[in-house]
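First the structure, which I've put down as structure tokens, then a few questions once you've had a look.
Naming follows writing order (A, B, C and D), and every chain is counted from residue 1.
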């Protein structure tokens, strides 16, 4: 067994969820690498995108600024926003969403901390999450820092619909939360009333630690849980080859370290692109 | 003054109606040539199409089968059907429609002669005429054989909306009939209640002849009318250069003569295309 | 991932009573080889959904396998009326539902966008609303305007013909796209024929001409001249001489059966032979 | 037919209080040179309509010329939150209306298709419907389902930046199209900047990459690096170093005024000089 880091464990875990012939967004480094691992191992039919709005049939190279340039250098098939949303409406799209808050019923928030009208922290706006949570049969979330501020009792704003009577009435199961992967474990929303339940905990994580870092009581906490499978050598090699600059690490860093790595990646990523994908000509 | 034929008189008359920066359909030879004459004389801003669903910014060469090939050889800008209908909805599209029947209030029919459910003659179906007559601020019709079967009191089926209380209530003036050009003259729908009225009669045509060949009494028939201006030398030269095979004549012919000309054009049009538009390469 | 199938294998997946939407437009890029395979398959009680229909609707009506047609137009463009369509409209038990070009597009688009309807002004103050029982009128909740509610159309199958495809089911359309993308997305199962199958890498070099995304297709067949007798830009034009022959053949029952024997009840290679073979077709029809 | 205009002449046509939709997406292909010209024009009380907003929204909010923003997202992607947007959302009189990506597209599309609304399921069971007063729910007339009615959005102006354009107003977009086509069609007046103006014949060789049709555009300006500091695929990437500088500058009033003096209250050529000149930009940003 090769040594691995948390980012690699999470990415491999996320990869296992992909299946079938669907468009897969690569909007974050974690999501891009998860799609790539899945495609190169158990899910070759995936149609991987360069960035959500850009090209299909590409091998994503996680970058800060070059996502849509992959479409060009790899001769990806250019897509329009309309294509993307049609794929969402047709349930032929999958994405790992990284919300600021997720609650016990799988509602998610990327709009505002505090009341929306007068936020304590204004975030970015719901973007396309409402579309996902009303149309996709599988919705995947990941959270990098599982703590009572990110895994909350009730989100301050529902950017995406979780489980509950309102969803049941208006949407049925379409777009319901399927899975949450955090730095502590893997969770479903199959507990009482569609609430969060543990699927597996990452190696070395105790159930008590999860409860401590979660803002609400987790159902069935005293049961015994599986341990999240460790990434295989093949999975690790795919991740490291595709992300030589370690863009994936950025999401877990903060402060000076993050800033330093950020600059290093930004300065080197053009070169990495051209090494990985020498230019071919179009017809 | 050069000699001219009826088709040329009608095409020049139709050309005079075009103005502004709008997409112009070239679905019939008459329509294509009218667009071209207008663009080359008084309306250079027109965006002329190869066929309604094909390329923009082309010089139409009237053909039986090669409409969309013009997009390729002339490097027209490829359009989608969505682009075409968006242009219609935005009132940025003009077309000369050639209905099977038009009535005194400008309703038109291309669907069925006799009752729609059990037609005496089933025609083709309303196609995109309902879209035109609910969105365009100018609607142009032409009829090649003005007679009581084509210019009728009441159409058997409204494929396109004419004037009347139902239109006023549901659509206002949007898509109302603007002009009708026939082999006898030029007409508006500005008579009593939005009924047909004479604008001009073609040289040599008497008002009585028009009344004889029209299935309803024409308002203001005893007034004096303008005579339709004859085509200029420039207009005639544009028409003849762009239509060396005389596809335009086909619409006025019938029987063996039409069949013969049809075959002659079909066999020669590929050659005409390549003479007029030597192939250029794409980027 | 290899989705290549023979036309016959595709048709084996289509049950009697299926609803089928067909791409192309009148004499342009109709999937005629697939339609002939459908005719040979013996499937019946089919519903056809077309925007601008042509020989595909006419042929299948002439074979008596259609119970319903949703259409905005059926005809042969410069060649005039479609004879079997005309006959069936005037005198048969086939159900015809007249839509309009945009409303067919909107009906398919509603299915794609998973809404039960899309609103439009198209059709207001025409008799299309009078004779078509599928439409409703609704009142807009903002300004109170009357609009047409176009219901979603959910075809079981789509048949389309494109210039190039790869084995994965991506397709390149070089000429008019017509409504093929909408057909491919709206249908539960999409079968696509193409002039030539290319390797995926080669196909991807066509950029935005790759209009059919493989997530929407379930089968691909390489059938050169697969649109004949309709045209396939920028390669070959419509075969109007053959269309004349076809139209004459619909004139009486004996000629019509002879035409079927010669042009329908034969496989695609035989069909091309009956047309004089590929070389002759190139010399007559290539543009 | 020559629609070329200077950015300044374009802005002279925009009155105070206008509603303006802006193409691009966060750090990608925002018409920043036009936005800076708008800032210099002194227009105020503007309404902005964006799908995925970025530095354009943030800059104009920071200058205090905006009274309302319709948006699905405003942020700097990998760089995090947009500082002036965040400040204005938390503490200002600006009216914010949160939509979603598809509903912004549908609102523009409704305007284009001249219907007062388009229906969707997007937004059901979320708080977007709670805080956004523009949406209504409606009952589908066929099956009785509850749907969101997205009202038409009618922008007075659209600003977009493309790779190439011709003098007639046709535009080529080589990278992501984002929602630029919808912006161009929905707005009464569309102003377009481009990296380079090409002759029409040359432009038409780009085929389906010609995404902006001139019937929808009223003015064209050649402004190389006109998207800077956002990126313009496939030529140059987003200038994240400059974005860092920008974000620092928003930290206090003095720095913010200094930034404006240096980067906003200068013409486009001066702007490029301040960025180190074109050669330096090529070496840092070309891909």
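Just so we're on the same page, a contact is a pair of C-beta atoms (placed from the backbone, for glycine too) under 8 Å apart; a residue touches a chain by one contact, two chains touch by 3 or more.
Owing to the predicted nature of the structure, the values given are computational and were not obtained by experimental measurement.
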Distance-maximising chain from chain B - centres being C-alpha averages: A
For chain A paired with chain D, centre-to-centre distance based on mean C-alpha positions, whole Å: 27
Centroid distance [mean C-alpha coordinates] between chain D and chain C, Å: 39
Junction residues of chain A, two or more chains touched: 78, 85, 135
Sequence positions of chain D contacting 2 or more other chains: 113-114, 121, 207-208
Pairwise touch network: line, ring, star, complete, or other: other
Interchain pairs in contact, sorted by label: A-C, A-D, B-C, B-D, C-D
Touching residues on chain C, where the partner in the complex is chain D: 113-121, 136, 138, 140-143, 145, 147, 149, 151, 207-209
Chain C to chain B touching residues, read off their complex: 25, 27-28, 51-52, 71-75, 78, 81-82, 85-86, 89-90, 98, 100-103, 105, 121-128, 131, 146, 174-179, 181, 231, 233-234, 237-238, 240-241, 287
Of all residues in chain D, those that touch chain B in their complex: 1, 112-114, 170, 185, 200-201, 204-208, 210, 213-216
Contacting residues of chain B [partner chain C, same complex]: 51, 53-54, 64-66, 68-69, 71-72, 78, 80-82, 85, 88, 111-112, 116-131, 133-135, 157-161, 164, 166-167, 170-171, 174, 250, 262-263, 266, 270, 273
Footprint of chain D on chain B - complex, ascending: 21-23, 44-45, 47, 56-57, 74-79, 83, 85-87, 89-90, 92, 135, 280, 282-283
